Amino acid sequence: QTVSEIKGRGVINIGMLVDFPPFGIMNTDNQPDGYDADVAKLLAADLGVKVNIVPVTGPNRIPYLLSSQIDVLVASLGITPERAEKVDFSSPYAGIRLSIIGDKTKDLASPEKLVGKRVGVARASTQDTAVTKVALPGTLIQRFDDDASATQALLSGQVDAIGCSNTVVAQILKVAPGRFVETFPLSQQVQGIAVRPKQTEFLAAINAFVAKIKADGRLEAISQKWLKAPLADFVAAAK
Amino acid sequence: MYDFNFAPVFASSDQLLRGAAVTLELSCEAMAIGLVISIGLAAAKTSKIAPLRWVVQAYIELIRNTPFLVQIFFIFFGLPSIGLRMSPDAAALLALVVNFCAYATEIIRAGIESIAVGQIEAGRALGLKPLQVFRYIILKPALRTVYPALTSQFIYLMLTSSVVSVISAGDLTAAGADVQSRTFASMEVYLVITVVYFLMSAGFSALFGAIERAAFRYPLSR
Amino acid sequence: MTTTSETAAEAPRKTLETAVRMEAVNKWYGAFQALKNVDLEVRSGERIVVCGPSGSGKSTLIRCINQLEAIQSGRIFVDGIELTAGGKNVDAIRREVGMVFQQFNLFPHMTVLENCTLAPMKVRGETRDAAEATARKYLARVHIPEQADKYPAQLSGGQQQRVAIARALCMNPKIMLFDEPTSALDPEMVKEVLDTMIDLADGGMTMLVVTHEMGFARRVADRVIFMDRGEIVEMAPPDRFFDDPQHERTRTFLGQIA
Amino acid sequence: MTTTSETAAEAPRKTLETAVRMEAVNKWYGAFQALKNVDLEVRSGERIVVCGPSGSGKSTLIRCINQLEAIQSGRIFVDGIELTAGGKNVDAIRREVGMVFQQFNLFPHMTVLENCTLAPMKVRGETRDAAEATARKYLARVHIPEQADKYPAQLSGGQQQRVAIARALCMNPKIMLFDEPTSALDPEMVKEVLDTMIDLADGGMTMLVVTHEMGFARRVADRVIFMDRGEIVEMAPPDRFFDDPQHERTRTFLGQIA
Amino acid sequence: MIRTFGWNEFLFILMAIRWTIALSAIAFIGGGIGGLAIALARTSGDKVVRQATAGFIRVFQGTPLLLQLFLVYFGMAVVGAAINPWIAAALALTLHASAFLGEIWRGCIEAVPLGQNEAATALGLKWASRQRWIILPQAARIAVAPTVGFLVQLIKGTSLAAIIGFTELTRAGQIINNATFEPFTVFSIVAGLYFVLCWPLSLLARQAEIRFARASAR
């Protein structure tokens, strides 16, 4: 079984995004850092093994997991039913609010208003799923490789709006003050740690770990450190 | 062990086919436009006017020594800042043409330079003007000489076009990524689109062979 | 230097009109002087054979006449028109001068007929029909009317060279230049090309021929020129040239190629 | 067909040993038959000149002797060894046979000396010193000892062809094959190569020479062969061959190239 | 958590160049060996060998490198033979480069006049000696320019190895871009670094071409 295998090996391979601030970044020492990295380190410590963080990307993170290149994903992976068919999720350890942010001069206040407009999202992300779900026929969804490209498309006027997380919204408002507004919320998204299916023992251990850091305030500290906000209630409440 | 399950991939086959169609269309357009422009650039590069040669040379060096990804990025995200805004498909086409021409120009130039001087002299001795010599005497044999190189560059262009998915042009790779993001059947999706790419390049090879037989029917000496 | 002065009176067939005149022509390739102070006058209808060792400037001489090479000093008149260095008259002159190369230089991607009609159509603006009629006439004249639709690579060397002659004739030139037209041919094919040229000469065409076919020179030349190191060393009617050369260098040369 | 039987007694210099024997050799290129039932016997020390129109199979004939082309039926013996189709003896035979090509085929990336020493070192395992000594000997024999360190491109055509001859001689062949060795040369350079070959012939080398240099044939050949369409049409000593050819086709051919 | 682009960010991108170089080196060494074998097989007298290699070339020239990398890395793992990313990259890049170099070099070998091979044969040299001493040295001179030209493409192509986890030049740029939101600064630097890497090679290729043209102009 995986847990004993990992303990025997003495090291756990954790997949993590490094281009998804503030959850996953490369810090100034060029080490993986961020919300996910802190959680990953705690997880390894909890299992009593060394941590080996493997940088993955949005599109290839699930292949990494499924092909056993890594043991577990702590990669801001939003919990969705489709994904749940391929991987098993732990209880949520983080959450984001997803919303539409768009050009201030245009009225984009509801899904109906987006018809005929170009809406950018990061491909294979939960934003993608959320926008696709609310979008009415005629909405032009444009999928980019990552949030940065989608953001750039918004800034350069190549799209009218993008679907993104609250952290990205904050960045856009800072980079281009006064040009864009958050028009309407899409959904709240909780993120889970993911493992390959049928690893019940491993998943149970991870769930125990998540419950522990929620209870003893360590997760709250991480949230304060990286999001400058308390752990969202919908994350704290979820089981 | 991984369970292969192609059902979700085939369920999305029309999306993949649409992506393949976009890839084909983009490649064909870029080839056609790029060929014409490259011929012009190659003529400029073999011309007697030095500044013209330098400009073309600078363009070629710039494009050939930087990644396509960066080029397409500047075209799609950068050009709007000088007021040139275009759709992802148009930007993808432009980027492919700009990239392809840098390589094709060099290939065609080599073809032009392989034409024996005697051919040019014979044309001039008959009273043809330089442009007429180029058009009627040099061009066709030059293209024939480099035809194999040119067609592999064409295929390469089609394969490179997979990068345009970064600016959300709906090509085959983008379609594959979208299907993958919905179904998470990444292995299956990539296998299938690899096969589709292979079929398309095989198709192009066959097409180029047919064009070669039709366009270059004249026999070569020795 | 030493251009011996043969007078026009000697050869009955030539007229008094001047077809080509070169006056003190000098030609350099970089630092290398390929033509040294060359003077030459060719009358209309005259046939000149040029010979000499490799590198002596024979090709350069005739290539200057239709401006495939530019000269650095001196003057060249073709059919009364002066070739200026800038080359304004070049187009006019090239229309008067046909040229046949050692390597044939047929266009491989065109049929024989297309080779012959290209220039008349593009340069003189003839219609396709007119150009084809002319082309067929000259192809018949060089005895290969039946090859019109073949490609050059499908012909023997001798046939290719005859196409090259016909192609030049289609532009109706007043003067024909030949640069070693038979030296790339198999021995058997030399004869058919020489026969074609003799035929042309009998028709009164002004011709300048670089060749080492001495039989041809004896038979058709009005004058034979011997060049060495960029100079015209000897110039005389064939009898005198072969039987009684004036210069040592000419004699050595004739001894070698015999 | 029709191999007229000249007997060994006629030419004083040749020995009775057989250098090459071809028996009923047939050679096809796909559906095209390039050699038709060819019989030929060459004695040691004999010099044979082969001529005939283009495409008649002259090159094919001599290329079969050192197995650059495989034959489909018939037998070929070289120096007593039979060339089998499988080619087991090929290596042994190539060591006995030197070949000189129309296009010289010198190795452009090697100096003259390296051209000459490569095969002796790689095939016969000679030391560099021994190979160079031999090479210099033969370069002197073809009168270009001073060119040893040049590259082929720095030599004239005649010099290149003499290097090619020296290169072949360095392998100490018993038989030399020449395929139109002078036809790619400028007229002035033909003589120097022919002189080298005459020299070689005078030394007693067995030679098969494809050439149209009839002066050479008259002077050194023991027998002249005329080929047409893959057949040996006529074979006779030079006097008889040139002055009294038996076959119509030979006469026509000689008429053309004269 | 947005950062401004600074010295550290520049260094991060700059340091990533070693992976680009390492991957290129691997690809080129592997491709060089594989390509030579392919080229010789493609020009061999054996029809089966020729056709097998033609098939190999067709597959690897006919599909995107990105997918080759993906399928080798994840595919091997999926069939239970997990390999580390270096081996996967080496394998995929080698196969890719072998196909292209093999094809380029085949052309160069065939450009050596037939007479050269015949003359060597007539001198009694065997196949290996002919290749080693006569054919390959001459083919090599023609090959320099297109080979270096392909190397330039290959260097840029290694950016696709990001999909199997390499943080090479392009990927490093994307990571920094995601942290700084300064795409034009970041990608100008990335482009500049590629240019610095590739341009000298392009110059070399051009020089080789000129030198060859001069040498072959007799």
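Read from first to last, the chains carry the letters A, B, C, D and E; within each, the first residue is number 1.
What we mean here is this: a contact is a pair of C-beta atoms (placed from the backbone, for glycine too) under 8 Å apart; a residue touches a chain by one contact, two chains touch by 3 or more.
Bear in mind that the values here come from a model prediction, so they are computed numbers and not experimental data.
Colleague: So which chains count as neighbours of both subunit C and subunit D?
Modeller: Output, common partners of subunit C and subunit D: nil, no chain qualifies.
Colleague: Identify the chains in contact with subunit A as well as subunit B, in label order.
Modeller: Chains that touch both subunit A and subunit B, as defined above, are E.
Colleague: Just knock out subunit B conceptually, keep positions unchanged, and give the connected chain sets.
Modeller: one piece
Colleague: Out of B-E and B-C, which chain pair has the most contact pairs?
Modeller: If we tally the contacting C-beta pairs, B-E comes out ahead.
Colleague: Please tell me the distance, in whole Å, between the geometric centres of subunit D and subunit E computed from their C-alpha atoms.
Modeller: 46
Colleague: When the C-alpha atoms of subunit A and subunit C are each averaged to a single point, how far apart are the two points in Å?
Modeller: A distance of 83 Å separates the two centres.
Colleague: Could you work out how far the Cα centre of subunit A sits from that of subunit D, in whole Å?
Modeller: Centres of subunit A and subunit D (C-alpha means) sit 82 Å apart.
Colleague: Counting only Cα atoms for the centres, state how far subunit B is from subunit D in Å.
Modeller: 52
Colleague: Please set out, as single numbers or ranges, the residues of subunit E touching at least two other chains.
Modeller: 70, 74, 78, 183
Colleague: If a residue has to touch 2 or more other chains to count, which residues of subunit A qualify?
Modeller: 59-60, 63, 66-67, 145, 152
Colleague: Enumerate the residues of subunit C that touch no fewer than two other chains.
Modeller: Expected reply: no residues.
Colleague: Would you mind giving me the full set of chain pairs in touch?
Modeller: A-B, A-E, B-C, B-E, C-D, D-E
Colleague: Name, in rising order, each residue of subunit E that touches subunit B in their complex.
Modeller: Interface residues on the subunit E side: 58-59, 61-68, 70-71, 74-75, 78-80, 103, 107, 152, 156, 159, 170, 183-184, 187, 190-191, 194-195, 198-199, 202, 213.
Colleague: Provide the residue numbers of subunit C that touch subunit D in the complex, in ascending order.
Modeller: Counting only subunit C, the residues touching subunit D are 53-54, 156, 183, 186-188, 191, 212, 256-257.
Colleague: Which of the residues in subunit E end up touching subunit D in this complex?
Modeller: Against subunit D, subunit E makes touches at 113, 115-116, 118-126, 129, 133-134, 137-138, 141, 215, 218.
Colleague: Using the touch rule from the top, collect the residues of subunit D that touch subunit E in their complex.
Modeller: By the definition above, subunit D touches subunit E via 66, 68, 91, 94-95, 97-99, 101, 103, 105-109, 118-119, 122-123, 153, 164, 167-168, 171.
Colleague: Sort out for me which residues of subunit A touch subunit E in the complex.
Modeller: It comes out as residues 18-22, 25-26, 28, 30, 34, 54-57, 59-60, 63-64, 66-69, 145-148, 151-152, 167, 171, 174-175, 226.
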